[in-house]
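In what comes next, chain A is part of two complexes: it sits with chain B in the first one and with chain C in the second one.
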Partner chain A sequence: MPNRMTGSILVIDDDESILRLLSKFLKSEGHNVVAEINGNTALEIFKAQKFDAVITDMYMPELDGLDIIRNIKDINQSIPIIVLTAAGSITNVVQSLKLGAFNYMTKPVNINEVREIIQKAFLTNAASRQQKNFYTFLQSAVSVFKIKSAVEHLEEISYYLNSMLVFYGFSSNWQIQLALTEAFTNAVCHGNGSDPDKFVTCEIAFGRDDVKITIEDEGPGFKVPDLKSYKLNDDIYAGSGRGIFLINSYMDSIEFNEKGNRITMSKKRD
Partner chain B sequence: MEINTIKGDNYIVFQIIGNFDQQGAMYLRNKLINEYHIGEEVPEDLPHVIFDFAQIESISSSGIGLLASLQRTFNKSNKLLSLTKIPHSLQQILRVANLIGVFTIYKNVEEAIANKQPGS
Partner chain C sequence: MSLKTRNKDGILIFDIDGDDLATFKDDLRIIIEEAAKKTNKIIINLKELQNINSHLIGVISSSKRMLSGLHGDLVVINASEKIQNIFKVVHLDKIIKITTSESEAVSYLKKI
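== the complex of A and B ==
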């Protein structure tokens, strides 16, 4: 028997017979398997334990396969998720792949196909781990963009940041994306006063241990808040200051320049 | 951001698709004002409003701000507003922003429709 990689796999399916069949087979292949019939419980298990791959059914009550993918990718963007679906359900397969699923298998389950796809998933994982190790040599990778001051460009810079976060092996991606969204929107709408003739400069610097994002607008600046004692408005329904509060909550450090038109925020690698 | 609208006898579901950021929040706000006359108050004949976040990709403070202000308006008018299928990231943001208890949140649209009274 050729050398096979083994790992921990979470299997989610509301059909007990498929759950039993997959668990038995995967265990016989040397994997640690946690089998769960309920999607919500499976998510709780996923949050509490470390897994190398997830196999999920597409059609389940309460949480379906697409919900499972969204929620798991929110927690761990790089984990391979394999979707089990009925033959011919191509629409959901396409949607699941768009959401970041690694691959899919059609029912009835073909044991050889399970083995092959799991091995591919583990190989991809191993390559990604190797790549991550390589980044311990990284000193800096800096990109600077001078962007027309328009919120429409947020999607592009956000896409770039997300690609680089994945490339450099970061995992707290949605928090970092949220911080960029808040700072960029603030620069365009408040800093530059929605003036389309102005620009926003965005610097994204990856280091060995962290990512640092600097956003600077061309406006007059504003009074820099005291971030150490920054609190939300007592009126929880009021919107003012929520953006800065979220950046402050999710990033490890924030600094403003004296003028108040440049924010630098950083997040350590998990 | 795109919005799909599904109307039932006693509910309207707004499926929010894509990035619920500043532009998305403006789009939704304009839609609610122009098509459903939701401004400072909620029209008497407006049924249970359900926001379905199953297909959301991201949310910013602008999206959160709109939801919070809508919830306040609905509370004042004694009308029902529910959220469903909120992803882990949105749950975290609502918790951090101290807003998790403000909204009526259901696991899915079917439960939201069935539970017309919050908490029932």
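== the complex of A and C ==
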């Protein structure tokens, strides 16, 4: 099979006949295949082994295909996941693509389609690896956004940050996005007091070894907490302080300016 | 983000869907407060929720406190591994019952 890429594939389906069929075909194409009938067990296998692609059935007891995508994407955002679904299940196909699935195939399985989609997935993987190597040449890449003070804009910034994190080969993406969400929401709602005439400035700086995010609002600032001894309120029900606590927990460093209207947080590359 | 409500055996179930949590502000808190006038047993289903933030964590914990004060309870179901990780960090797992199945949550609340 000249010019055909091979890799390690996890196949998940509660239908043993489909598992056998896919497993036999993919092995004949030169791939390493792990076939699993149970979604929860498949997730444990995924955590323990390295795979280049995942094929999962949509409708399964316990964990369905959407659960599988969510859980796997939390562990490895860039792995291609291909969903197997019954013909006509458009709603679930759309949902799976929104969650980050690479592609889908309808049952009954068409072997030629399996081959074609797997090859596309591996090609995309290879391109992604080349992109990740780009950071080794990187000194710094800085983007600055001055955004109207509205939480609705967080989605666009978050989308940009996520695509850049993938591009520069970061893996702790959801933790960094959570920190951005908390800091941006804090700037809009507390710093700027939800004043739509004010702005939030967001600077995202990628370096060779870390990403640094600075969020500054136009408000009067606030008393900067002592972050070294920062802990949650003893009253777990108390409403304040959780955002800062989450940022402090998930980012490697966090600091405020003296005025208290600018937060800078950074996360090292894993 | 969308919010659907269902009633099962007198227990109110909130299905939260979507990932644009930033635009989801005080609605859920108000909705739960209104709901608590009719029932003190609530399930919050996070199956379709991809991300969580400190605001929603605050809504869940304050709702739990309110329902406990009414001799009821709140159960969170179907939280992803990521969201459960965040719950642990803010110690929410110490005060909120979290289950993976709706039926388990319903049978727990029926016993209260």
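Note that the second predicted complex is superposed on the first by the 270 of 270 C-alpha atoms of A that agree within 3 Å, B and C clash if a C-alpha of one lies under 4 Å from a C-alpha of the other, contacts with A are read in each partner's own complex, and residues count from 1 in each chain.
In the analysis below, a residue touches a chain if its C-beta (ideal position, glycine included) is under 8 Å from a C-beta of that chain, and two chains touch if they have at least 3 such contacts.
Computed from a predicted model, the values in this text were never measured in an experiment.
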First (chain B), second (chain C), both or neither touched by A:Arg242: both
More chain A residues in contact - chain B or chain C: B
First, second, both or neither for A:Gly221, with chain B first and chain C second: neither
Partner chain(s) touched by A:Gly207 [first = chain B, second = chain C, both, neither]: neither
Contacts of A:Gly260 with chain B and chain C, given as first, second, both or neither: neither
Shared chain A contacts, counted only where both chain B and chain C touch the same residue: 67, 70-71, 74, 151-152, 154-155, 174, 177-178, 181-182, 185, 232, 236-237, 239, 242-243, 245-246, 249-250
Residues on chain C engaged by chain A in the complex (per definition of touch): 20-23, 25, 47, 50-51, 53-55, 57-58, 61-62, 64-65, 80-82, 86, 89-92, 94-95
For the chain B and chain A complex, residues of the former touching the latter: 19, 21-23, 54, 58, 60-62, 64-65, 68-69, 71-72, 85, 87-89, 93, 96-99, 102, 107-108
Residue ranges of chain A touching chain B (in the complex, touch as defined): 40, 43, 62-63, 66-67, 70-71, 74-75, 151-152, 154-155, 158, 174, 177-178, 181-182, 185, 189, 232, 236-239, 242-243, 245-246, 249-250
For the chain A and chain C complex, residues of the former touching the latter: 67, 70-71, 74, 99, 151-152, 154-155, 174, 177-178, 181-182, 184-185, 232, 236-237, 239, 242-243, 245-246, 249-250
